[in-house]
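Right after this note come the structures.
Next come two complexes built around subunit A: one with subunit B, the other with subunit C.
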Partner chain A sequence: MTSTQFRALWLEFHERVRVERDQLNRLDAAIGDADHGTNLDRGLQKVAACAADTTDHLAATCRQVGTVLLSTVGGASGALWGSALLRAAGALPDSDTCDTAAALAALGQGVSAIQARGHAELGDKTMLDVWLPSLEDLDRRLSAGAACGEAVAATAGRAAVLAQDTAPLQARRGRAAYLGPRSVGHVDPGSVSTALFWQALATVLARS
Partner chain B sequence: MTGVLLVSHSLRLAEGAKELVDELAHGAVPVAPVGGEDPLGVSAEMVLEGARALLAQDQVQAVVALGDLGSAIIALEAAIDLGELAGVLWIADAPFVEGAVAAVMAAASGGGPQAVAEAAEEAAGLKKR
Partner chain C sequence: MKKVVNRVEDVVDEALEGFVAAFPQYLRRVAGTKVLTRARPKAEGLVGLVSGGGSGHEPAHGGYVGYGMLDAAVAGEVFTSPTPDQVLAGIRAASRGAGVLLIIKNYTGDVMNFEIAQEMAESEGIAVQSVVVNDDVAVDGSLYTTGRRGIAGTVFVHKAAGAAAQRGATLDEVRAAAEAAIAQVRSMGFAIAPCTVPAAGQPTFTLGEDEMELGIGIHGEPGTERRPVAPADELADVILGRLSEDLGLTEGCRLAAMVNGMGATPLLELAILARRTRQWAESAGHQLEAVWLGEFMTSLEMAGASISLVRLDDPLADLLAAPADTPALRQGVKHD
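Now for the complex of A and B:
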């Protein structure tokens, strides 16, 4: 991945969240406080502006994105995405390009940060229900010899399904957990926005 | 002196809790409310600002923070990740109101951050009837 692709990723992710903003809010209204789309859109707007401006290398840009998300996206999402990006930056090089292994390591580090910060496990109806199996899915495809762009595109498709698969789960973390069994039957909005991230990544990789 | 940071999704809830503990401790302990209003919610940045305001007071060497719901704690942890609060901001996993009362009483008695955080956390076991 190049730093140009990395910047494009955040513009693309913002665009997808902007388009889906109302839908994300509606999903959040069912089990949370109806602001997931608005919150993420607002933060990513700042991230996109900052990504369009910077010419920094990968690690510095990633750190910058994390800091902007921490300060502009309220609630758990901002802190979780921000912590993930700050941690991922540590696995990225101080240069304008990195190989697939480094990009995967950065993704893995970011997801570990989300897990550590949110104390959530697989099946708790959180964004980890998309992150963890998607990472495994991507790993499996790459190990089987798939080209990086193809593998990410396939994983992005899987991520969209995984997001919908959160519907039957009962929330055990976050605001939705207070609803107990009433959280069953609703798709987790954080899982849907995570799937949008995977789609944005696939789109950006397909361009080059 | 240990300051107390009250972090809620709602600024008015945090301000109300401050009003309560200020009266009990006669304002002897620096307490700062942090929270959102239109929209509700809490971010690491808000926590950072609140903690800075407390630490800017001469007699405050450390801050113990309480959060209302889980994501307030996540915001607190993320604020520590930003760097400057490491070692001076302590997070108590405590009930918001009872914990705030216990924390402020411990701080008023000269408790350091560990003692104040412990007092707040022990408040989780208090029975109301």
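Now for the complex of A and C:
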């Protein structure tokens, strides 16, 4: 991945969240406080504006994205995305390009940061219900010899299904957890936005 | 939606400006932030105290910035936790060289954002510790790994830790004082009418003419149980029974209580709850040493109240009775 692709990824992710903003808010209204789409859109808009002005290398850009998300999104989402990006930056090189192994390591580090920050586990009805199995899915495809772009595209498709699969789960983390059994039957909005990230990544890789 | 606002996106910013305008002898705004800090900072070498959270809980948290309580309060958007950079600004403002204690209410977003700020401050060389308040008995902590919410009882924690810090206790000691208060405080609230978040424009839930929600939080969320409205004494008895059971009170305990309005319930009605609280304590054989009556931790214009009980021992009773001079809580201050 190049630093140009990395910046394009965040523009693409913002575009997808912007389009789905009201739907993300509606999902959040059912089990949270109806602002997931608004908050993420606000943060990514700032990220997109900053990305347009920077020519930094990968690690610095990643760190900048994390810092901006941390200070503009608010709530749990901002803390989780921000922590992920700041940790992922440590796995990226101080240069304009990195190989697939480094990109995978950065993704893995980011997801570890989300786990460490949120203390959630698989099945708690959080974004980790998409992140953890998606990473495994991607790893499996790459190990089987798939080309990077194709593997990510397939994983992005899987991520969308995983997001919908959060519906029958009872929330054990975040504000939805206070609803207890009443959280069952609703899709987790953080999982849906995570699937949008995977789709953005697939789109950007497919362009090159 | 009828509200006394200019533009909804300016509500928090203009309110913070307003608090400083009204209480210049107590408050300063840290430039470019949503942090209120003491106009006259405490002496060097004393532990700083920072709390905060979403806006909409006024007078919390800025109202408790002053002598004997908080050194900085960090405001988020309405009912949304502040971001780590804002909390970090609060920590820097509160730091007087002896470390800073963060008093966090137990919500996922608040805990994460304050934790990140704590790590950032530590990397700058500021010693920071934190405590998490979880006084709401309406949410059964055993059912959910997120645990109980932090509500009005948090103000007792501000008071106890603030008094300890003002007296020159070390960071470890201030944290221990806060944790001792947290271990002994329980709260529960009810609503007879919902509130409207300015940016949302719609009430957070609807209630029939004769309905109420028991076990509410402080973010306009519905409670754990919907039931017919009841007389004040009956409501107080239900809540005090739950608090007492959860604290495991036996006869002859020393207690302090807080009757807290949620934003749209008149003092006239809150006083009726205070009356019943004292009657209940006397009939149960407890010594009720203080009753705090008023609005301490609101939920915008929600109508309703919460009652908190805190079990006292000598050190905690002493810290709660110590002088404080803040916009929202003034007691024991010497005058002519």
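What we mean here is this: the second predicted complex is superposed on the first by the 208 of 208 C-alpha atoms of A that agree within 3 Å, B and C clash if a C-alpha of one lies under 4 Å from a C-alpha of the other, contacts with A are read in each partner's own complex, and residues count from 1 in each chain.
Throughout what follows, contacts are C-beta pairs under 8 Å (C-beta built on N, C-alpha and C of every residue); 3 or more make two chains touch, one makes a residue touch a chain.
From a predicted model like this one, the values you see are computed outputs, not experimental measurements.
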Combined model on subunit A where subunit B meets subunit C, clash or fit: clash
Touching partner for A:124 - first (subunit B), second (subunit C), both, neither: second
Partner chain in contact with A:180 - subunit B first, subunit C second, else both or neither: second
Contacts of A:172 with subunit B and subunit C, given as first, second, both or neither: second
Which superposed partner A:5 touches (first subunit B, second subunit C, both, neither): neither
First, second, both or neither for A:71, with subunit B first and subunit C second: both
Which superposed partner A:194 touches (first subunit B, second subunit C, both, neither): neither
Which superposed partner A:33 touches (first subunit B, second subunit C, both, neither): both
Touched partner set for A:80, first subunit B, second subunit C, both or neither: both
Contacts on subunit A seen with subunit B and repeated with subunit C across the two complexes: 33, 35, 39, 70-76, 78-80, 82-83, 117-118, 173-175, 177
For the subunit B and subunit A complex, residues of the former touching the latter: 9, 36, 39-45, 69-71, 74-75, 77-78, 81-82
Subunit A-touching residues of subunit C, taken from the complex the two chains share: 76-77, 79-86, 107-109, 112-113, 115-116, 139, 143-146, 149, 200, 217, 219, 221
Subunit C-touching residues of subunit A, taken from the complex the two chains share: 33-35, 39, 70-76, 78-80, 82-83, 117-119, 124, 172-175, 177-178, 180
Complex contact set, residues of subunit A against subunit B: 33, 35, 38-39, 67, 70-76, 78-80, 82-83, 86, 117-118, 173-175, 177
